Structure formats: structure tokens, C-alpha cells
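Order of writing sets the labels: A, B, C, D, E and F. Residues in every chain begin at 1.
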């Protein structure tokens, strides 16, 4: 009898709190988005699963001695996991399109206005009762506008760890929603003629340029923004491994096995921050709203910048590729390509949009560095 | 509300400083590409013959390019045989 | 001269203790079983090697600063390594046969009697002088009857770390001996007619069933047995990664590189617990004996349960597949298939035996959870 | 011996509680499969055409299904050539 | 304004110290050697990159909380990374040529004279003002003569961590320079006739020999030199995984994904020790000089030993293969083969040189053990 | 300079002890190979038939030897078709 009673007291049913149930449903929602809607499943599936595990009563996944506790403190809190992901992303990134058409860097710069405008917006939200974002919180939220998952996780883990769960949910959800959020904005800000613009073919890029480029980026980051060197440095290491051509087995491992292993752990670790106290409050709504605003503003500023450049430049620039400046590689570039094809079936913008797309990755890493330097 | 005004001011400054910096940074990068990289590209052009081997190198496979594992070769000649048998071609 | 003397004093020959020599021979024995007899070599080879390394005098592999010390405390003591293995096993497991024939879950339940009967037996052994098993020790020993390596290591590391080495040796050895231990029991408890029974072909299972199944298992574990959620949760995560079809690169890594890396470390770490003090005592004999008993009882209860079900069920059930309920995937299912073929050359039981086989994995994880909840 | 009797009692209770629980747990799972999963299987049947691509997906290879790496293709056409040369078939 | 000032004060330009600039140039030099000159790129590329990162002002890569700090203390300081590399190297090594011609072990022994003569030389350098090498320092430097990267890193991390960066730079650079350093020495010490000597074909080696060999090596190390068992043990574990044929998936992982992951981290971690204080002093010049001497002496002693053996042996021995005794697998063996072909176009020494080549790995691991036992 | 002499002495002893030990160690290994391994090689010779399968086993591939993944087979028959189409051979 005593034994059965002990068993009953150790069941989940006897120990559930309401918030835990809700957070498990949130976790199931993330799994649904990942599996049925294909929303960034590589991160959202382990993250949704992690949020279920962390909310199991009695089990103690995120308490001292629990699996998720180890994962979070070894890899997320230290920043190691997002940095390794960034190295792998660097090893997957081809800067050819950017080097061939360097002025697309300005598009990647313009799209970061989504980040800084959102920072302003987050502070404005403090006028609403119940919202109370410090400047650090606001910065961590604003980076959602960078449309870059590992950058957002890295910055949030440094500036506002208690918001990490909500920020990661917002960042990855909106990245997955890029094909839905961007096209209306792109179409509203351009006319048919602009969307039909065909761009000149890109020049071939030599091997030496691709090798020296990541070193140049790193050097400039060292000179002007050391706070961004963890992110930019690991990214450039990955890219150098890729382009140097002398360490292919390391590059391949960074792009495959290592990034896969780390992604599983990162998802679980970030999911472990989705506790009821941290997520079930009005601030999460604010974060989700601000994230959508950030994406929209970023997209709009990229497109507007491209329109201006098209006016000023000798060679034509299709304003649609400006939207790719938010990063969300390679989804945003594909969206630009698709919208372009709708206007003109001979208009292949994919390669042209890859320039602003990878510029956006650099841009948001730089923005993250600025926020770390000024607010952190 | 004084505090909020203070925060707004800070956020505004951050926005301004941030955008200026981002544009400055990426603009210098444009200059870097147009000068340093352009010069390097002229000075060290890609050898034409290497193009093919570079493609092979970038393939996701772990193997050293050019090496075909014996099991793959065995698989292939087996499959060729099978394919012919199935399709009656010879 | 002094130098040569220092050198001599630093040799192994000058520092050997008798127990260390014996434990190295035990390690060599494990290597022999792994290499020459093919006894679960993936774990027993690194484990045998680890037991040699840990017993080297002077070298201090398992002391502070030693390699095996780091491995053990980072991965085995925390439970991380067995849980990651379990995730990989989940990613390798196809629950199709079980979903197609759900009543085979009862066979997986019945076979767990091997665990609980052994618990009783371990306490009974306390009557013998020299044996002194606490209830925790007895539970950790009993789990050998679950025929599931990572489960046994996980439970032993929580309940009786000092017995971990002997328990792992017993668990993996008997799992390797399944083709020798099981057939006589299976034949003794069945007659020729029963062994000849052919079973109806399994219905095809849809994708949605395979995706929802691991979530359902996790949910039930959360409700009724949170103590089992580390094991069951990681297993279900692996299985969901496999079946969801949206994170194939994570699933592949979990099944291959990650599980391989962890297996090397787990083997070394478990081997490091094979010290003379921990292994060379009469209790080890008790553990080895109890393990054999546990396997035999588990096999017998599975077969008997299947006989009962065959009587009660409309569709015929070959009692041989009950033996697969002990898990030991996929060896036990193959043994059932082989014994079935001996009786009737047209009787292919492999797929039918996979149902109880994977049910046994769930069953022993549940049993481990019960023991953790009640004894831990 | 009192202590041992006590332990036996505990072990017996554990055995009973454990087996009851294991059977209860796995029985509910049977119900779950026969109700929830069965309904889902009817409501969301597998699309017929996808059967092939799913098989490919389950292959242990790391590659996205459908993609054949250029080196493999190169290997194949090379092997086909070689095979023909060796076997004198054309 | 304040914001801009904060931003300026956080730039690298405002915080650079002269030494950091120099060390970044050193890092760039290593990258140049790795990429353009193909100098052991697998280690020198991440190492060069690590030395750039660690010298970035403000960023704090190697301070508490920094990425390189975690990597260094988790993997290099503990010795875990070099030991895992050694396990992978063991899994890549085929001892067949050595077992077929065991007397080549003497060549691997003779070449270790490079190590011990350098130890003497390092102490002699203390006569120069500014140099102050303790016996531990001297031992860590001398091991460069072993021409084995992981061994050098392992020993230096134990005996002289502050010299680790310089020692690794020297070791890997000279290993890459083997094709330039060795041939003049080989030609100076041999005459045309000797270089033309063709050697008898090697006998086939059975599987059982290859399986028992690593166990025998381990056993002897346990008996006579337990201090070498971490290195030799992990090497033999890798080799046993390879040769046993029962754990191919573990062996493959040890040779590929695991060694690749660890190599990236090891390179970064070692690079993080390339700080200005540790590297920019006259002792580094001493280390670089001693390394060249060590390689040359090792090569010479290997060749001379081979000449002696050729005189005494019934079967002919080409003295060139003695040079392969320094290890630097498989580069040194290829050099021996090439120099042999120059003298006699029908003289294929590659397989014959693999014997002393792998013997050199064992020899330098043994030498490292001796230094650990007597000096550590 | 007394100290240096002392150090020289130590270094010299180390050199001597080290080289003696290294030679002794590797010489015993020679004896081990010539006795133990040689006997084992005679007692347990390699089975002739296994030679082929062993080669396959040593291939760097992760797959169990003999197994050819379905996607590879599919790739091959596709490639064969393509190759024929391109080269007009049938």
C-alpha cells in the first residue's frame, strides 16, 4: 500500500502545475510547426521537445543533475553551441555572389534597420503596463530582426537569458514565415516595372578572393568592433576552412556531423528555457509582436534601399533583392527569386539575391556586436 | 515619465549610432573588395585547368577526390549486370 | 644510477598489486569475448580496454586528472552517455511491427517479470554470508533482466555505482548469450505444434501513426511515471527525429557519428569501474548468477504469456515470439525466427517478433523508472 | 533474520507493484494504439505516391534523397566504361 | 556622443598593444604556411586562426568566459584532445610492414636520439644570456625531435604549458619541412651504391598478428613504462578497434568525424597559447633552432643505424629507410621512397620505410613516457 | 656555473638512460614479434576465402560490407540510362 502510494505521489498527474501543462502544449505546438508545417525543423523539433521535457514535474530535467541543465550550462550559457553553429554556417556559405557585386553589402546594411527600429519599439512598449524591458532586454529582442538564429541565441544568452526561450521561438518562427511575411511588403513597395528588372550576369570570382575575404572581414571586425569577434571570428574560420581547400575534411565535419550534433543539443538547451515563469507572461506577447515588426521593417528598408540604389546606379538593380538583406539564408533569397519570376518569367534573381542575403548575416553579426559593446 | 524619456533618448542614440556604424563597416568592406581583392584577383588568377578538380573537392563527400571506394566500384559493376539482365539489353 | 632507480620505481613491474593483475586478465577476457566470440563488441571492446587501463599501476587513469576519470564523471556519472545512446537507439527503432500488432506489448510486459523476480532473488541471496545487497543494489542488479544495456548502465549509475562494472559485464554478456540461453527454454515450454504456428501478415502502418506513437508514449510516461522520462524521453526524441522525416540529418547523426563517439566513451567509462575492490568479491558472482536467472525467467514469462494469449486470441500467436519480449534488440527476435524455422521451414517470425522485441525496450525502461521512483 | 523478512516483504511488494504497473502502462498503450492511432491512420492515410520517396529517406545516407553527388555519377560512368572494356561488350 | 565614445573605446584600434599586432602577424604567417605552402594545414590552419583570435584586444577569447579558454582547459590542459587524436591515429595505422620486418624497430629507436641529444642541447643553450630552460622545459622542447604532433602537445601541456605554443609551431612546421630537411642529410650520409639497394619483398602478415600486436605493445608499456600508457594506450585502443574487425563503425568514427572535430578544437586551443608574453622572447628562437637540430640529428641517427644494420644483416637494408624512423607518418616514408627512386628507378622503398616510420611513433611515445617518468 | 655543470650531468644521464631504455623496449618488442606473434601466425593462419571480405571491411565506408544502399543502386541504374542516352550506345 505504502509502495502504491509512493508510486502515486511520484506520478506526473499528482504533481502537475497549470503552467507546466500550458508550456507542454506550447512545446507540442512547436513540434507541430516543425513537422507538419516544416518551420525550421532542425531547431524547432529539438527545441519543442526540450520544452516538453523541461516542464515535466518531478523529473528535474533542468535542475542540478538533470540532462538539460548540463546541456544548457555547458553549451548555451557559455555561448559555445551558437558559436559552433556559426562556424558550420560559415563553412556552408559561399561569398562568391557578394564579392562579385559588393554594393549589395549596402542592402545587408539597410535591412539591419529592422533591428534598431525594434529596439526603439521595445522601449516604447514599456508604456504598456506589465511590460518592463530594460535596454538589455530590448537589445536581445531587437536582434530577432536580424533573422539569424544563432546570432539571436548568442546575444540573448549574454544580455537577457530569461527571455532566451521566447526570443528563440520568435526568431525561428519568423524565419520560417519569411515566404509569407515578405512578399506583400515587397509588392507594396515596388511597381511591376521594378520587379521586372533583369540584372547583369555576375562575374566569376577567383579562389584567392574567396580565401582573403573572410580574413579581411575578420580584420575589420578586430579593428572596429572586437565585441563582434566571437560571432564573426567563428564564422570566418568556417568560411576559411571551406575556401582554403586544404582542410576539406575539417570543413566537411564542421558542415555536417559537428553542426548536427550541436544543433540537437542547442535545440534541447534553448527549449529548456521555456518554463512557465519565463514564457507565460505579457512580455512574451510583446516579444512576438516586436519580432514581426522587426522582420517587416527590415524587409521594407532593404527594398527601399535597393530602390534608391537602382536610381543612382548605372547597372540596374532589382529592388526585390533588397528584401534578402534580412539574411534568413537561403529562404529570403528564394523568396526574392520567386516574386521576381512572378513578374517576369525570365528573371532569375536567386544568385543576385545571395549577395544581400549573406551580407545580411554579416550585418546582423555586426549589429549584435554593437549592441554587446554599447549595452552589454 | 522622465525615466522613459531618458530611455527613449538612449534607444534613439543607439539606433543612430548603430545604423551609422553598420553602414560604415559594410561600406569599408565594399572598398576592401573593390581594392584589395580586385588587385589580388588580377595578380593571382585561377589556373584554368584546376577548375574541374576544385568542383570535385567541394563535393560533400569525405573521400579524397578521385578515390572511388572498391565497394562502390563493385556495386556498380554488379548493378550494371543486374540492369542489363532486367532490361534484356546487350 | 639514481635516474635508473627512479625509472625502475616508475615501472609497472615494481608497483603491481595482485588484484590489478587479475582485473587486467578480466579485461583481456572481455576483449576475447568481444573479438573472438563477437559478444556485443561495440561496448565490450572499449569496456575491456578501459578495465585494463584503469588497473595500470602508477598511471592513474581513473584518478583526478586521468582520462578515464574525466570520461566517467562527465558522461557516465551524470547519465549523459547512456541517455545519448538511448536517443540513438530510438532513432534506429522502427515501431511499425508493434503498432500493427499492439497486443504484443503484453509480451514485452510479461518478460519484465525477469527483472522483478530477480530483485526478489537478490534479496534472498543476502542469506548467503558475504553477500550484502541493499534494496538499491538489488534493483540495479535486477535490471540486468531487462536485457537492455544503456538502461542497465543508467540505473546502476544512479542506484549502485560501485556495482556498475559487474552489472554492465553481466548485462552485455548475457545479451550476447541470448542465442544460447533462450532456445532451450523456448523449446522446453512449447510443443512442436505451437512452434509451427504461422501468424497472419502484419497490416501496413501509416506515417502519422509512427510520428504520433513516440509522443503518446512520452505523454503516458509523463502522466504516470516521470522518473522514467529521462530514458523514455530521449528514446522518443530519437524516434520522433527518425519518423518525422523533417530532420533526417539529425536523425542520421544520432544513429551514426554521435552514437559511435558516445559508445567509445561509454565503454571506456564503464570499464574504468572494473577495479579490483569493486569486482573481485563474492557479490560479483552473485550478480553474474542473478543475471542468468533474470534472463531465463524473462524468457520463460514471455513465452508463457504468449501461450496464454494464443489460447485467448482469435488470431493465432506463435508462443516463440514471447521470448523476444526481453528486448536484446534485434538478437532475441532473430532467435525466435530461427527456432520457428526449425519447426516449420515456411514460418517467418522475424517481423512478428520485432513487436514484442521493441515492446521489451519500453517495458524495461518503464521498469527502470518504477525502481527509480520507489527505491532511488 | 527480522531484517531479512522485512526486506523480503519490501521486495515482494516491489515485485507486485512493479508488474501491475508495467502491465497497466503497456495496456493503456494498447488502448492508445487501438483508438487514437487507429483514428489518425484513417483520417490521415499515407499518400500513395510518397511511398517511394519515404523509402529513400530512410536510407542511412546523409544526403538529401534524390541528390546524387557528382563524384558518384563520375564514378559510375567511369565504371560503366571500364566494365564494358573489360567484358568486351558494346 | 557618449555612445560614440563608448563605441570608440571598445574598438580594437583604441586598445591594441604592439605585441598583439605581432602575434596576429605570426598567426597570419601560420595561415599562409598552411594554405599557400600546405604545411600540415589540418592543425596549422585552426592554430593560426586561434592565435589571431586570442590576441584580439577587448574580446577576451582566452579569459574566463571566452571560447578559447573553455577549449583549452577542457581539452588541451587535461590532455584529452591529444589523446583522442592519438586514438584516431592508431585507428589509421597499419603495423603490417613493421610486423613483417621487426628489426626496423631498431631504426625507430635510433631516431629518438634526436630527442635526447636536443635535451642536452637545450640545457647547453642556458649558457646564452636570456635563455633559461629548466629540465622540464628542455624535455618539452626536445620532444619536437620525435616528429609527432600529438605527442609533443601532450608532453608540453604536462611539462611546460607556457612553451606549448612555440613547441607546437616548431613541431608542425618541421614535420611539414621533412621533404626539405631530410634529403640533404640522407644523401650526405650515404653513397650512391647504398641508395640503390633493393630490399626483399615483405611477407604477408596474418590477422591474428595484427590484433595481438597492439595488445603486446600495451602490455610491455604497462610493465616497463606506465607513464607512457596514456599515449600508448589510446594509440593501441585505436589500432585494436581497426584490426579486430568487429567494431568497424567505431574505428571509422575514430578515424574520421571524431578526429576531425578534435583537430579543430586542438588547433584553436593550442593557438590560444600564442600570446605575446609567451611567444615573443628569445627562448622561442631557441626552441625553433633546437627543433631543426632535433630533426636533423634524428634523421642522421636513423640513417647511420640503418647503415650499421645493413653491414650486419644477411638481407640487404637500404640506409635511406632509417630516416623514416623519426616518424612524421607518412611523409618521412615518402621522402625515403623518393630519394631511393632518384638513385634507382626500380627501387620502391615506400612499404619498407613504413616499418621504421610507425616504429618512430612508438619510439617517440616511449621517449615521452621516459621524460614524464624522470622529469615530470 | 656549478649549477650548469649539474644540469649538464643530469641531461647526460637522461640521454643515456633514455636511449638505453628506448632500445631495450623496442628490442623486446622485436623478440615479442619473432616469438609470440610468429607462433600465433602459424597456429591461426588467415582463412584463404576471407581475404576478399576483409578487404571490403577495411574500406572507409560506414556500411556493412556487401550491403549496397538502395539509393546507390537507383543512382546507378539512372546513371547507366543517362550515360547510354548521352553516348548513343544501345
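Assume a contact is a pair of C-beta atoms (placed from the backbone, for glycine too) under 8 Å apart; a residue touches a chain by one contact, two chains touch by 3 or more.
Since this is a predicted model, take the numbers as computed values, not measurements.
A.B. asks: Select the chain at the greatest separation from subunit E, using centres from the mean of Cα atoms.
C.D. replies: Chain D.
A.B. asks: Using mean Cα positions as chain centres, tell me which chain lies farthest from subunit A.
C.D. replies: F
A.B. asks: Just give me the whole-number Å value for how far the CA centre of subunit C lies from that of subunit E.
C.D. replies: The answer is 41 Å.
A.B. asks: How many angstrom lie between the CA centroids of subunit E and subunit F, rounded to a whole number?
C.D. replies: Centres of subunit E and subunit F (C-alpha means) sit 19 Å apart.
A.B. asks: Whole-Å distance, subunit C centre to subunit F centre, using C-alpha means?
C.D. replies: Each chain reduced to its C-alpha mean, subunit C and subunit F end up 32 Å apart.
A.B. asks: Could you check subunit E for residues that touch two or more other chains and list them?
C.D. replies: Where subunit E meets two or more other chains at a single residue, that happens at 3, 7, 224-225, 245, 249, 252, 256-257, 370, 374.
A.B. asks: Among all residues of subunit F, which ones touch two or more of the remaining chains?
C.D. replies: In subunit F, the residues touching two or more other chains are 14, 17, 21, 60-63, 72, 76, 80.
A.B. asks: Considering only the defined contacts, which subunit E positions touch subunit F in the complex?
C.D. replies: Residues 99, 102-103, 105-106, 108-110, 112-113, 115-117, 119-120, 122-124, 126-127, 135, 138-139, 204-209, 212-213, 216-217, 220, 224-225, 245, 248-249, 252, 255-256, 359, 362-363, 366-367, 370-371, 374-375 of subunit E touch subunit F in their complex.
A.B. asks: Mind pulling up the subunit A residues that touch subunit C in the complex?
C.D. replies: Residues 3, 6-7, 10-13, 15, 24, 28, 31, 34-35, 38, 41-42, 45-46, 49, 52-53, 56-59, 61, 65-67, 70, 256-257, 260-261, 263-264 of subunit A touch subunit C in their complex.
A.B. asks: Note which residues of subunit D are touching subunit C in the complex, please.
C.D. replies: The contact residues of subunit D facing subunit C are 4, 7-8, 10-12, 14-15, 17-19, 21-23, 25-30, 32-34, 36-37, 40-41, 43-46, 50, 54, 57, 60-62, 64.
A.B. asks: Of all residues in subunit C, which touch subunit A in the complex?
C.D. replies: Listed in rising order, the residues of subunit C that touch subunit A are 78-80, 83, 211, 215, 218, 222-227, 229-230, 233-234, 237, 240-241, 244-247, 249-250, 252-254, 257-258, 370, 373-374.
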